[in-house]
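Below is one structure, written out as structure tokens, with a few remarks after it.
Labels run A, B and C following the written order; every chain starts at residue 1.
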Amino acid sequence: MALLELRGVEARYGPVRALDGVSLAVEQGQIVAVLGANGAGKTTTLRSISGTVKRSGQIVFDGKPLGRRGPESVARLGVAHVPEGRGTFAEMSVEENLKLGAYVKRGAIDDDVARVSAYFPWIATRLDQHAGTLSGGEQQMLALARALMSHPRMLLLDEPSLGLAPIVTREIFRIVSELNEKEGLTVLVVEQNAAIALEVASYAYVLEVGKVAVSGPSEELARNESVRKSYLGY
Amino acid sequence: MKRSELIRAGVFLLAAAAVFLLPRFISDFRAQEFAYVGIYFIALLGLNVLTGFTGQISLGHGAFMAIGGYTTAILISDQGLKLGGHTFSSDMKDIWTIPLAGLVAGIAGFLFGFPALRLTGLYLALATFAIAVAMPGLIKYDRFETFTGGGGGINLFESEGRTRPTETTDPITFETISEPIKILGLEIPSFNEWLYYLCWTVALVMFAVAWALLRGRTGRSLRAIRDSELAAASSGVNLATYKTLAFGISAFYAGVAGSLLAIATTFVNPDTYPITLSIFLLVGVVVGGLGSLWPLVFGAIFIQFLPLWAQEVSKAQGAPAVVYGVILILVMLAMPGGVAGLLRRLQVLTSRGYHRGR
Amino acid sequence: MAEFFQQVVAGLASGAIFAALALALVLIHRATGVINFAQGEMAMFTTYIAWTLIENHGLNMWLAFAVTLVFAFGLGVGLQRTVIRPIERASILTTVIVTIGLVLIFNGLAGLIWSAEVRAFPSPFPNDTWVIGGVAISQQDVGTFLVVLALVAILWAFFQFTKIGLALRASALNPDASRLVGVRVGWMLAIGWGLAAVLGAVAGILTAPTVFLDPNMMQAVLIYAFAAAVLGGIDSPFGAVAGGLMLGVGLNLIGTYVDFVGASLRLPVALLVILVVLLVKPAGLFGKTVTRRV
């Protein structure tokens, strides 16, 4: 059974229908990518899962239907959503951001801070720094680190490459890959940069106008020239 | 004119006719109450231009009403008030002071609009609140007493002996006057009815003016400012001009309303325009519906009649305030968009039903 | 010179009361973007609760105060959940009107339940003065100042060092991101209202002994609190406290040393402060200036 399954999910912003019946599945331990042009509904898909936006249709996580749960409740189930724009608490310190990441867990967090510092070594030395003064890449890493603090079953990653230089993007995706291999973290990543996403993900869904247009194993999609040209822009 | 506009004009004329016929069916005292509704309606129209259209919150429009009211009072009375060597003594016939009062208040508002440009939202609300709280004290200030009549206030009609208020608080009662007033050759039996016609004539005229002003480019620019100042400015709307203009216009309306209020109560003193007036004006605009025009009548009815009705529910000390407060909160919970918002929702529901039927 | 110190001490005490109420206003504004015009009336109402516990139920004064603070917290939380939350999405003005409704309700209820009679209220501090170097210092003033200072310190520690404090700060800064990490933002806002109500209750209890208990006793204090909050910066808790103290001392000194400013002009001076600050630096002394170039 898949860890996460969406069946016929619809979502709207006022009169605009952003998702028009999206179905997808993510197996435990997989990295799955959601691709497509701007406005296709990629971010809305993640928001539907985390409960940030009102949706209808079926979403089942770890065997539990998510129903009408809001983000606070979904977070407690073990879903960590790193939103578009990172959602950094800019006026707080790096350490406080991490503490917030561990909000749903009880007890001391020192071990967890050490754990995430293994992936992002710079964090250990800059715990007191104002998060708002970090560079774009560092903020993205902080957002990832924050998500990890709660030992999530699944990570929802929204456009990690946004506003970042290619070399930084590569690094971020390398770390995501590492997390997937070492910790078995299941990842659903939304990306504009289809090329790099397909390198890291094993399976991908391409959205168009709120629906799944194409889906399949990454290698197939990457090899398919017409798919690449029509949907992925390269 | 388009057909829809002709229809609107027709509806307006019907409403005007209804307004003019109303006194036939209600008691003399009620006529006075509805006169007050007219006064509040004018003030609400003005405040709405500022808050409902440009989004600038004012908790101080009672102060502009005070300016208008005192202008009229000073010009009409013969108490011997002085300003810089000139002594006022019944210089003007009362109703001619009304547009002048509006103008004085309007200029004050326009001038206030300049420093107000620097303030947004909450800060502007606090600044206007501060002015409204300070206004009674300013009027009472001894250096200004020879001009404003100080704490003792100004009697508007004493010399003419037309009426005398028996109380200076709401609701006011009057002694009936002896000689009948005539409008267009028709005899009006009482001061209250005269007041009613005066207030509503002015109200309807000013409503029409507001409607004409706001439907064109001016209205669109003002609304654009409310929705997003940044976007409006990028589209070429001159923020400074429109925002100060909005202040001036809304103050003008408040001044006219204040002037009518002075005539209605025939007496002004620093407590005629307290901070609660400013607050209730804001309540009226929100209950009527921000950005709407004719639904503001409901706002005016609300602020005029609810306190009276609350007193009928219970006269126990403090009870009317509780009733008023509870109703106010319930109204906000049920209709956050005011009466106008409610009407809009009904419109959407009925049109949806219509479409589904097809 | 003795006069100067006496006025400063008295100013610190009245300023502490302004600071407490101003802090309540800032707390709610930071969390929900709303100015709670009913903060003063809520404070007054909870003070009446304290009074009735002492007078009619014979409770020991300090116990009554403790119960009152708990009641105030519950009142704040309850209000946020019942009347503020449903209109979260509506315009700010709708919420302002609701707080105005609350002003009417609390003011009316106080008169209804306890009548508008002016009453004496017991002070937790002795009515004595210490004389130090020729300066008479009222114990009431010192006590007031210290209580507020302690309360502010406790709150600060709570916000800085506890998990809930962190969640409260996060909810005010970025409610969406807070939800994503599992913070129940709605309840955090309610707690914010509860804490603000507690601050108000303290302000009321400290005000009542000197101005006497009546339904309108907090109205002037609320205006001073607005002035303090504006002076210090409407989003800065530190500013609220600093602004309150500065205002309290400033008003006393101006009243003493500037000739034409008598007792009746204190309020207009405070209002003038509001206006001047708003014109010169709207963000207040300690607030952050947000530049909008249009």
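What we mean here is this: a residue touches a chain if its C-beta (ideal position, glycine included) is under 8 Å from a C-beta of that chain, and two chains touch if they have at least 3 such contacts.
Because the structure is predicted, anything quoted here is derived from the model rather than measured.
A.B. asks: So, comparing C-alpha centroids, which chain is the farthest one from chain A?
C.D. replies: B
A.B. asks: Can you tell me which chain pair comes out on top for contact count?
C.D. replies: Ranked by C-beta contact count, first place goes to B-C.
A.B. asks: In terms of Cα-based centroids, which chain occupies the most central position?
C.D. replies: C
A.B. asks: Using mean CA coordinates as chain centres, what's the chain A-chain C distance in Å?
C.D. replies: Whole-Å distance between the two chain centres: 43.
A.B. asks: Distance from the CA centroid of chain B to that of chain C, rounded to the nearest Å?
C.D. replies: Result: the chain centres lie 33 Å from each other.
A.B. asks: In whole angstrom, how far does the Cα centroid of chain A sit from the Cα centroid of chain B?
C.D. replies: 55
A.B. asks: Out of chain C, which residues touch more than one other chain, so two or more?
C.D. replies: none
A.B. asks: Could you list, by residue number, the parts of chain B that touch chain C in their complex?
C.D. replies: Checking each residue of chain B against chain C gives 51, 57, 115, 118-123, 125-127, 129-131, 133-134, 137-138, 229-230, 233, 239, 279, 282-283, 286-287, 290, 316-326, 328-329, 332-333, 336-337.
A.B. asks: Using the touch definition up top, name the residues of chain C that touch chain B in the complex.
C.D. replies: Those in contact with chain B are residues 29, 35, 83, 86-87, 90-94, 96-98, 100-113, 115-116, 215, 223, 226, 230, 234, 264, 267-268, 271-272, 274-275, 278-279, 282, 292, 294.
A.B. asks: Quick check: in the complex, which residue numbers of chain A touch chain C?
C.D. replies: By the definition above, chain A touches chain C via 50, 52, 70-72, 75-76, 80-81, 83, 87-92, 96, 99-101, 103-104, 146, 150.
A.B. asks: Give every residue of chain C touching chain A within the complex, in rising order.
C.D. replies: It is residues 163, 166-167, 169-170, 173-174, 176-185 of chain C that touch chain A.
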